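Look for subunit A in each of the two complexes below; its partner is subunit B in the first and subunit C in the second.
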Partner chain A sequence: MIDYQAPMRDMQFILGELAGLPDVAALPHCEDASPDLVAAILEEAGKFATGVLAPINRQGDLEGCRLKGERVIVPDAWQSAYDQFREAGWLGLSLPPEFGGQGLPKLVSTPVWEMWFSSNMAFTMLPQLNVGQAEALLIAASEEQKATWLAKIVSGEWAATMNLTEPQAGSDLAATRMRAEPTEEGDYRLYGQKIYISYGEHELTPNIVHLVLARLPDAPEGVKGLSLFLVPKYRLDADGNPGEKNDVHCISIEHKMGIHGSPTCTLSFGDTEGAVGYLVGEPHQGLKIMFIMMNEARFGVGVQGVALGERAYQSALDYAQERVQGRNIVSGEAGQPILYHPDVKRMLVGMRARLLAMRTFLYTAAGWFDIAHHHPDTEVADKHRRYVDLLMPVAKGWCTEVGNELCDEAIQVFGGMGFVEETGVAQLFRDARIITIYEGTTGIQANDLLGRKILREKGATLHELLDDMRAVARVVREDSRLADLAVGLEEMLEGLAATTGWLLAQGKEQTAALYGGAVPLLYQLGTVVGGWQLVRAAQAAQRQLDHGEGDPDYLDSVIALARFYMASVAPEAASHARAVREGGQVLAQFPETGL
Partner chain B sequence: MIDYQAPMRDMQFILGELAGLPDVAALPHCEDASPDLVAAILEEAGKFATGVLAPINRQGDLEGCRLKGERVIVPDAWQSAYDQFREAGWLGLSLPPEFGGQGLPKLVSTPVWEMWFSSNMAFTMLPQLNVGQAEALLIAASEEQKATWLAKIVSGEWAATMNLTEPQAGSDLAATRMRAEPTEEGDYRLYGQKIYISYGEHELTPNIVHLVLARLPDAPEGVKGLSLFLVPKYRLDADGNPGEKNDVHCISIEHKMGIHGSPTCTLSFGDTEGAVGYLVGEPHQGLKIMFIMMNEARFGVGVQGVALGERAYQSALDYAQERVQGRNIVSGEAGQPILYHPDVKRMLVGMRARLLAMRTFLYTAAGWFDIAHHHPDTEVADKHRRYVDLLMPVAKGWCTEVGNELCDEAIQVFGGMGFVEETGVAQLFRDARIITIYEGTTGIQANDLLGRKILREKGATLHELLDDMRAVARVVREDSRLADLAVGLEEMLEGLAATTGWLLAQGKEQTAALYGGAVPLLYQLGTVVGGWQLVRAAQAAQRQLDHGEGDPDYLDSVIALARFYMASVAPEAASHARAVREGGQVLAQFPETGL
Partner chain C sequence: MKVLVAVKRVIDYNVKIRVKPDHSDVDLTNVKMAMNPFCEIAVEEAVRLKERGVATEVVAVTVGPKAAQEQLRTALALGADRAIHVETDERVESLGAAKALAKLVEEEQPGMVILGKQAIDTDNNQTGQMLAALTGLPQGTFASAVDVDGEKVQVTREIDGGLQTVELTLPAIVTTDLRLNEPRYAKLPDIMKAKKKPLDVKSPADLGVEVASKVKLLKVEPPAERQGGVKVGSVDELVDKLKNEAKVIS
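What follows is the complex of A and B.
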């Protein structure tokens, strides 16, 4: 079994120096996020992740979930871990105090959730669903609904699910068929089947609250006819406690490649009398509510990319420092650990460089969420909202793809041992494979980036971002010790500006060609954003070195990581750019019969 | 469960037009490889792969292998499949007629083994071991040993294993500890433990012949002290039949991420009286014999990359043609299969382009093996031997890495269904993960390429190859219809020439930096070689079109695939080149304490 330690040094450095914790803590509603409190929270979370969640991760993978009749049996260790998680109040970290949460900014909850995902991804999907559902109810539920359901969801007393997918409606929710029929009592009866429902059934909590997309009888066709319903597993009695079983049944669970500890259920609604449900928000506004939550949800999956990559990196580093094999290619000495082989070092330095790039990007973006929500100056708030909107497909798409690469590379460091399940690194690789798929595949993220986030607004926000990144390069160029990094960044920025200009110059007849280059575009932008963040990190490290603050070894390594990224990762941006401009054209003309 | 059909059109096109089947069939000892016979063999093999091996692939994954005491139980369906495989004579396809084989050239056996790996990788490792062992015995065994053992290995009556790895001796065989002590009878007793022994124990055959690396009492230290021994599971009685059980015991099997149907055993030799073994070849020459076989073995794993990628591609294409979801981004129409989404098409065209590149490369290289072995003009034979030596690390390293990428991309085409085991594509992804590791990791291939194959001979063969590739580009440039492909190829060749020049100009003090760039170098060379092969393919397709031969749709698609490769894959060569030159430098200076 592999260990996990929260990467506290990186977390603290990024929060304090790069993602603007002091600025966020100065915002209204964020005042609690004092450096001391944040440090204490991270430390406690780290202990919980290392001590409670990480040790049961492999056990959960081995046991998996079972269907017994309609019951779903999750791994044995889940109950105690969930009870401890709930009792410690971790669930409500970022949720509003009026419903029992702690109301801390996203910038603080992000590293904490990263720890949960690193230590036990399959388990963490359970409380994550509560946070997602709480956010939906906060947006759309009536005051009465909030009073009835929200506090229990925030505390975790009841569990939550999201029911979107149906067999014919995966990425395309317009094809949703689930029906909701109004009753004379003012509620609804739901009929239909939902698939891929994470934690759709289990016995960890006395009730489960399903949030379900369905169609009202008078609903218009397509996505504009979807409404959102709350459907509890057990209807509430007069005292608000779980009473009669609702007409919702788990009819099967999936046998998946990874996240075995997280049951993926097919739920059947309304086999007999109809599943009793309550409309959340206005009729036909279901998808709109989902869309409001989408940036948050996609951001969360991006964090999973860093989280799994981090644990994979830690295990690979640990193995590379222990395993003795071969001779040092420079000195010829035997008996050294494999870390001294240049290629093993290459993999580990490359992993760490991309981890630092992604983490800095995601935490910085978490700060943007907070500023967008809370900054009193609407112009400042709006600008950060625009950045969030533009870059969420990158946070999701790029960080999950890179997260997968890191898990893959960790196996390579382990060699044959990586292919053997007992080391645990194979599990990370299997678990990670879902993250580029759920909450919208990389292709869907890329289409969103290209269509809604760039073309629709004629590149306005992207140009704004380019200017901000150029400003960083300009400042760094003045420091002769870091000027090489500025050169690398500027080269990438010119490439991105050229790609953007080219995209915007294409006419409607180029639509297929443009979308054929959407994923390379997302990779190009991700690679550039990662480089920008590492240059910022190097700049902050140099500043601390100049002021005699911090650990010089650590700060030197940050600068060296930025340098490695510029030498070995940044050049990929140019090849992605060519795939955008040339690949899409070839594709558009490629005959399907040639496949 | 996913289907498999041998990609006959590609195989025939490559064999006939690109890999030189007519030339190979004109070589001494290769005369049997007439077009008609080869077509008949491919057809029969295709039927066997589709009808016998493919249908039991998933069953083998689900059942896996079990240890019962010392017995290893393999999947139920293996026995019948193995008996059919053996009885049909597939095992001896490329082995010498004097021991019961058919003696067909490697160019013919390569597509056939590709089919076996595509249809059932875990099963195929069993007969593959017989071929490998037969080749070792042909090189090194005495006439008496050949008479006793070889025909049974060629026919598959007995199974074979290769015993190299020990817990402390993985990539570094110098650390081998297994002892072999001579007896008064003239044979040896072996003592020690071997791990990661594929098919180390099973009951599919009445005997198993282990080939084991061990040290004689007077052996020098390191790799020069290893000898090769033949150790049967059952010693032979006076009639040459399996008799007394030898002192070899399976003490555990690994729980692996993939190839579940292939048992990976820990074998203990000599727990009591010592395992009786027979020296093969001269004392202390064991590793030399292994090295002679190494190009063949590595080539075989490269073929696994194409094979698994091909099956992944077929399943992804099939799914993309069936699954209806979303709207056509150009026409706005609903109800079309996902193949019409530009990004899905991008993935499939990219998969097919890389498959054609790899397959053309590997079959062409198979032809080089045959020419190297059989060409009467030693200058011609030597040149092809040099190409084999130079490019085997690329065939193994690059084709397995790309094979993994294709399996990964196939999952992405399937979306959520790809993560669910029942579609079978997840199994391909898991199975494939070992191929970049065994027979030498990608890092080891890259070190071999850089050190032994380029630096040691001052780039002589690489320069020869560059000239050959430039000649192709020059010819193609004259055809205005393909001149764009020549431009793309020439750009890559200039980049490769620059990298080569730079490598050769570095001094000893740059050793760590050079080896830190070895894997990017292997990727660069692989990308260039793939592009060269696709330009050759486009050239052959154009020639057939001009002569009114072949299926114009297919031939057009070959040219379009080359074009897509130049637009979307070839640009990566330039980014790898930068990682070679710049990344290694940064790495060499990177402090290990920064990890």
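What follows is the complex of A and C.
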């Protein structure tokens, strides 16, 4: 496989022109994010991704992980890569300076994490867990807990895990059984089993800090009875160093389809004396803490969609430029690379268009997070928080599904060589397959979108969003050179407004039909949002062209990509709309016994 | 000991070079630029000398357009203490750069100047040698090892026949070859700090030098496209073709 190169031009264009880097840099606590510093960070991150993480991606896939007794052996190259990653300080990019981070806005960290995921998804899950755990501890941990654990999680000296799933409690955490019993010393002993724990055991760091959802003895039934505990692999001695081994054991690791370099562990807590744990936050508030982090976590997985799609696209493009096969359908000339076959070109241009749509959407949403967190005007902050809430299931659900499509299509470009593992593109396809599943499947995202984000608030935020998107279409319509794009966008917006109206008009008796159409609804909204973002991109490209700025070839290609999206992807919105309205009805009537 | 390290902004080594349609020069519009890889090795060596306690201060220098400050910031992120930018929009070639550097050597009085042996844009391999001539300092070019011992430095040079070690009296000029070291990746906190490190901007006039090139660039042409090969049926046919068609053996 070819070397990964960070798509710096797209990143810079989107940050500067579309996702509002100058606005974000003007927010309180975001002042460091000046354009030249951001450019330097992206540049150096790109070098690290290309030079350190990308070259060991395939090795990690081939070697995988092994269980030796209770020890988990990760791919050989991981230790050196992790040490370099940690020493270079990348873990702290977006985390607060008081715990050793750099406190940069999400808009800056997003392209950097995209590079890590593109270059090596299985490896990157390890540092990603630290960031997730640091965010949880920042929300809920006591000052004393922060002092003990947080700086070491931010620096990466110790690794982190999240322990939610149990065999009977997957998407439904209400079924969690793990028990936590208070002791006389004021801490807790945990008993039970957790499965699917990424990096649940390894020896890359001298300690591992597990965050575990469990039930206290007096806990109410269901999700309201879950508390969050911090359970270290090694308990700390009097000096705060890893000391006695805690009663947590890795009893098996999964044999998976992809992300072979990331060990997926079954952890057994409390086989003998009970695993010592410390309550994080208030009792029974565990899920609430998880919910605060949920938007961030979903967003992170959405970024994995664009990241894997990008690497697949780069590989496919490289292959299509090299592989000579067949005759040119126009000139009859032999000896040309397959890129010149219209259908191969269709796949590559389509991939590029969807990548630009997803990336613009995700970076723009990263800017929303920053505005929601930091904007001094609460009304502005609230509006962006509403957009984050509404669209995170779409960022996760749609971008991961499209990311999978892109990996699939990249294999098609490779033809037979794509099915052969040595080209590396098959690995991307296998690695990508998990992203539509973990952090809530596409179905769960769609249910959340329909139920909590649209029906519960009677479509209020969606209507607000529709108005904003219509405003873009109106402005673009005024520019005769881009008016066709406005027409395409308006058509999609009408369709979305109609779907929204229909959803809101249905009564309780239609619940099964509505939820039967939830995933098509998510696809429809994703397709529309992608189109909206590409129209914005075309608008920005035209503006730069008019001012004689930037590379005209690149800017022309952005406009052409928006056009191709309108011609080839946007029409799918109408078929999704039909599936929402009609598919759900049929499904609701269909007897389960008829299968 | 103060170490002066010269860096150059060049076209990124990953970029496929395009020639301008009128053949007047290489097309650099909207092309990704980066620090010359040999200069990265020079910065790394200077920083290592500082880490070993041999150097006390590392000063990164460049002669070039405003945008070349990006490369100085990179050098600062990698560990240089401060930077000097001799800003000019002129096309600077080896002699102009060497003249400006010679003035800076006079001002800064470094114990050692480290440069890349050549820049990957025009591959001249001259600036270090010219700087040595202009300053009258000893030179150790194509270094694959640099060992400072008191007032002396031993430079192992990569030459055609193998390795040659020369001993120079400091101050001295050293130019780096590929195998001298493997440059590190910049650390995020250092990238942040680099922004706040001092960066002086001077003009060639401030230094009293003329950096504009006296060499006129007549024409730039891309290398000829590679032609497809042919398969030969036998060794005899191969020898015949090499003799009579390619005329590379007689």
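Convention: the second predicted complex is superposed on the first by the 594 of 595 C-alpha atoms of A that agree within 3 Å, B and C clash if a C-alpha of one lies under 4 Å from a C-alpha of the other, contacts with A are read in each partner's own complex, and residues count from 1 in each chain.
Here is the rule we use: contacts are C-beta pairs under 8 Å (C-beta built on N, C-alpha and C of every residue); 3 or more make two chains touch, one makes a residue touch a chain.
Computed from a predicted structure; not experimentally measured.
*Asks:* Going by the contact rule stated at the top, is it subunit B or subunit C that touches a larger number of residues on subunit A?
*Replies:* Partner with more touched residues of subunit A: B.
*Asks:* For A:Tyr554, using the defined touch cut-off, is the partner it touches subunit B, subunit C, both, or neither? Pick first, second, both or neither.
*Replies:* Both: A:Tyr554 reaches subunit B and subunit C.
*Asks:* Looking at A:Lys47, would you say it contacts subunit B, subunit C, both, or neither? Reply first, second, both or neither.
*Replies:* Only subunit C; A:Lys47 stays clear of subunit B.
*Asks:* Pick one for A:Gly443: touches subunit B only (first), subunit C only (second), both, or neither.
*Replies:* first
*Asks:* Under the stated touch criterion, which partner chain does A:Ala567 make contact with: subunit B (first), subunit C (second), both, or neither?
*Replies:* Touch partner of A:Ala567: subunit B, not subunit C.
*Asks:* Looking at A:Gly225 after the superposition, I want to know if it touches subunit B, subunit C, both of them or none. Which is it: first, second, both, neither?
*Replies:* Once the two structures are laid over each other on A, A:Gly225 reaches no partner at all.
*Asks:* I'd like to check the shared interface: which positions of subunit A are touched by both subunit B and subunit C across the two complexes?
*Replies:* Residues common to the subunit A contacts of subunit C and of subunit B are 554, listed in rising order.
*Asks:* Which residues of subunit B touch subunit A once you look at their complex with the stated criterion?
*Replies:* 165, 168, 170-172, 174-175, 196, 254-258, 317, 324-327, 329-330, 334, 339-349, 352, 404, 408, 411-412, 415-416, 418-422, 426, 429-430, 433-434, 436-438, 441-443, 446-447, 511-513, 515-520, 553-554, 556-557, 560-561, 563-564, 566-568, 571-572, 574-575, 578-579, 582-595
*Asks:* Considering only the defined contacts, which subunit A positions touch subunit C in the complex?
*Replies:* For this pair, the touching residues of subunit A are 5, 8, 32, 34, 36-37, 39-41, 43-44, 47-48, 51-52, 84, 87-90, 92-93, 102, 335, 550-551, 554.
*Asks:* What residues of subunit C sit close enough to touch subunit A in their complex?
*Replies:* Touch list, subunit C to subunit A: 14, 29-30, 32, 34, 70, 73-74, 77, 185-192, 194-195, 228.
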